[in-house]
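Note sheet for the following structure.
The first chain written gets the first letter, and so on, giving A, B, C and D; residue counts start at 1 in each chain.
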Amino acid sequence: MSLPRVTVWNEFRHEKTDPAVQAVYPDGIQVAIAAFLQKAGFPARTATLDEPEHGLTEAVLAETDVLTWWGHMAHGDVKDEIAARVQKRVLEGMGLIVLHSGHMSKPFMRLMGTGCDLKWREAGENERIWVVEPGHPIADGLPEHFDLPHEEMYGERFDIPAPDQLVFISWFKGGDVFRSGCCWTRGAGKIFYFRPGHETFPTYYQSEIQQVIINAAKWAAPGNLPNVTFGQKRIPLEKLD
Amino acid sequence: MSLPRVTVWNEFRHEKTDPAVQAVYPDGIQVAIAAFLQKAGFPARTATLDEPEHGLTEAVLAETDVLTWWGHMAHGDVKDEIAARVQKRVLEGMGLIVLHSGHMSKPFMRLMGTGCDLKWREAGENERIWVVEPGHPIADGLPEHFDLPHEEMYGERFDIPAPDQLVFISWFKGGDVFRSGCCWTRGAGKIFYFRPGHETFPTYYQSEIQQVIINAAKWAAPGNLPNVTFGQKRIPLEKLD
Amino acid sequence: MSLPRVTVWNEFRHEKTDPAVQAVYPDGIQVAIAAFLQKAGFPARTATLDEPEHGLTEAVLAETDVLTWWGHMAHGDVKDEIAARVQKRVLEGMGLIVLHSGHMSKPFMRLMGTGCDLKWREAGENERIWVVEPGHPIADGLPEHFDLPHEEMYGERFDIPAPDQLVFISWFKGGDVFRSGCCWTRGAGKIFYFRPGHETFPTYYQSEIQQVIINAAKWAAPGNLPNVTFGQKRIPLEKLD
Amino acid sequence: MSLPRVTVWNEFRHEKTDPAVQAVYPDGIQVAIAAFLQKAGFPARTATLDEPEHGLTEAVLAETDVLTWWGHMAHGDVKDEIAARVQKRVLEGMGLIVLHSGHMSKPFMRLMGTGCDLKWREAGENERIWVVEPGHPIADGLPEHFDLPHEEMYGERFDIPAPDQLVFISWFKGGDVFRSGCCWTRGAGKIFYFRPGHETFPTYYQSEIQQVIINAAKWAAPGNLPNVTFGQKRIPLEKLD
């Protein structure tokens, strides 16, 4: 099976204005993510908020098997029309990987139907990610737990629909826990939310994090989908009396 | 435990214009549903589309433990603001029972995040509802299957998130199947979708149907909910280094 | 609705031999649990391993709506026949609440089908229980998190089938997390696993713990179950050609 | 990714004694299934009940990524020791595809923990399989529904744990429905139950059926599993006070 075509979307605002972020991701988070995907053999391109149509034209989405989404300070700048377009493509089968602060992005919130809020704290504390579903494809090749030395804390209650599969739970030194790797199917599309990735930490350079995103991109790729029809069916398949 | 306060919402348009519907529900579907709920001891009131704020003011919703929703021809006339208000109340804990053609209503679609479409046929064919989860509270007191002699057909694929619990599956004489009793939790609120209830058939007078809606209203009622907080938590519960 | 009849089962061995356990539960864990259930209005009785048929005769189980199970050092002394009897009754609709080290008990393992193993450490460390599903009846009346000052640690990977509903996740000071409140349905019966309850700590005297077990007993109680039939059905409900 | 190594297990008794079965599967169901798997590129071998250790030695299972299981008249002849061995391997990660009457086989019942019973009728009636989860890998390349002209009927209630994913629902002309494609994870292993396959019908020669089994074998194959550890962890990952 050939690897899915991934479009790596990033808000790409912090990187333009905040030296602390520039120091970690000088070319933007999207470039860091696309780089390790390309190295792993994925046809990966990038798209960002300030491009026309946020870089997510109908043509781009039509050629995208899996979309990754990082956004934070400018969720409100994403046009409703583009958010609806992404939602529609997910329902048609495109995979969606929502990263970190993307939990409050328009496409994710539309697909979840819930508030998607959580607790947070920027103290650079230690995060430990535990694999709770070792047989899941997204846990492939991981250790049973791994640490991120410094991360923003996200804590429960995370206001999401109960995930179809819960793959990871995070432990934080400050006393919090979080469902940090969550899978859902919506329409024909697969969605994975992955917690880590604060913009001031080198999270996307860490090998386990890269492994998770690579696994998730493979898992979320659509196959050869059944042709589902909707609407009125005047003629029944079986004879009525 | 006292019974929850139910608000029975109905679009109440078919009944005003279509003699075939008037013949079955002369006072509207909402009155038929409220009547059997009241008889069962529920404090039940009605609300309809053409009332101010569709009868769903902040005050009414604040006093509603469980909302039932029937709509069909006028989904588009429901104001986005009211649909958002219903969604918000569900996330806060209000139960929601979505009936029949309510599958394409704004509140349900917002909460599901999917297309919610399906196949349909108006041939008055026989529907048989099978209990697949007999231990679920919504199956309480039912036989293992029961028939509706004449109903509109709804067939799979039903474009919903996989239900948290699937209680009923329908068999249709014309050759279709349908997940006809589906439970979800969204935020702190419980949602139940129940398939039957075409406006030209006396479905809501059938005892098993009434039993299901009564069971669902009990199941969907919020309890004494934990006080969940969100947002920044500067001070960790545990000392950081 | 009247409260369900609860049978509180305890291995009742540690309490007979270990002064540290006697100091906390002089009459046995079963008496401590039955006491708060009775105080809350439940008809509750106790049963223990060393009674004839472990106190779980056909007659006792027939009169039991919900069984709670605490066992640890003597799982192997439970007769297979009695474990099978408990399993059968759960499938018929009896609720089962499995406490702490009951995770390796015969009835639980038979019902789960998995290894049910986990990590553990007896260091008396702090456990914090987070509510992750605030709308669930078992979270009724709880705060969004609460602490147990000293408990045995149980850590992931917990080798269970993914719970139908995950209500609680525990944080441990030593760096571990655990799915500490898990719901399943098996047959017509509801099962709840609840993590805390090491025999040397006064866990079952803590008000939040009592609240959880009270909530779970209500949730797990069977209703008026549909009469499900199995086996050959020579005569179809619909005419075949 | 190379294709998983499949062992196709069959009871292989009907074929030896019943001319009606011999006429359809002269070499045994196992040979028919292994043939289309091999044609699709899978390294597939067969194993049958009357071989030593039922053909499922430790060595064979160690080299098996996915096991398919067909049994019916001789479930009781499967040794408990071998059933336990299969269960253990599934928990360690081996995929298991349970076919048709295998619903009452020892390995499946041990893994499910429930009665696994259902309704049945041998009338050669028409079965229609509907895809309800089109995005699932096991639905890959299928039409939205397909028919089996003559099959044994299996009807609900099917006494299984609610599947983690429900992929197919069957409609039967005689008035029954059935959850005919069910996925679970147990331990690190993936399990798929697939309903069709009565021994007197040429079900396993039908292209859609072959497609489903091929898809399921790919889906159920274990990856590079995390090394999960259990038991006492004296030294915490974080310093305790």
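Everything below uses one rule, namely that a residue touches a chain if its C-beta (ideal position, glycine included) is under 8 Å from a C-beta of that chain, and two chains touch if they have at least 3 such contacts.
All of these numbers come straight from a predicted model, not from anything done at the bench.
Undergrad: Please decide if copies chain A and chain C contact each other with the same set of residue positions, more than half shared, or with different positions, and reply same or different.
TA: same
Undergrad: So if I superpose chain A on chain B by CA, what angle comes out, to the nearest 5°?
TA: 180
Undergrad: Taking each chain's centre as the mean position of its Cα atoms, how many Å separate chain A from chain D?
TA: 32
Undergrad: Nearest whole angstrom, what separates the Cα centre of chain A from the Cα centre of chain C?
TA: Roughly 36 Å separates the two chain centres.
Undergrad: Going by the contact rule already set, what residues in chain C reach two or more other chains?
TA: 128, 131, 133-134, 144, 155, 157, 162, 164-165, 173, 175-176, 185, 187, 228-229, 237-238
Undergrad: Taking the complex as given, what residues does chain A use to touch chain C?
TA: Residue list for chain A touching chain C: 128, 130-134, 144, 155-158, 162, 165-166, 169-172, 175-177, 179.
Undergrad: Residue numbers of chain D touching chain A in their complex, please.
TA: It is residues 1, 93, 128, 131, 133-137, 139-145, 164-165, 173, 185, 187-190, 222-229, 237-238 of chain D that touch chain A.
Undergrad: Taking the complex as given, what residues does chain C use to touch chain D?
TA: 87, 91, 110-115, 117-121, 123, 125, 153, 155, 157, 159, 161-162, 164, 173-176, 184-187, 228-234, 236-238, 240-241
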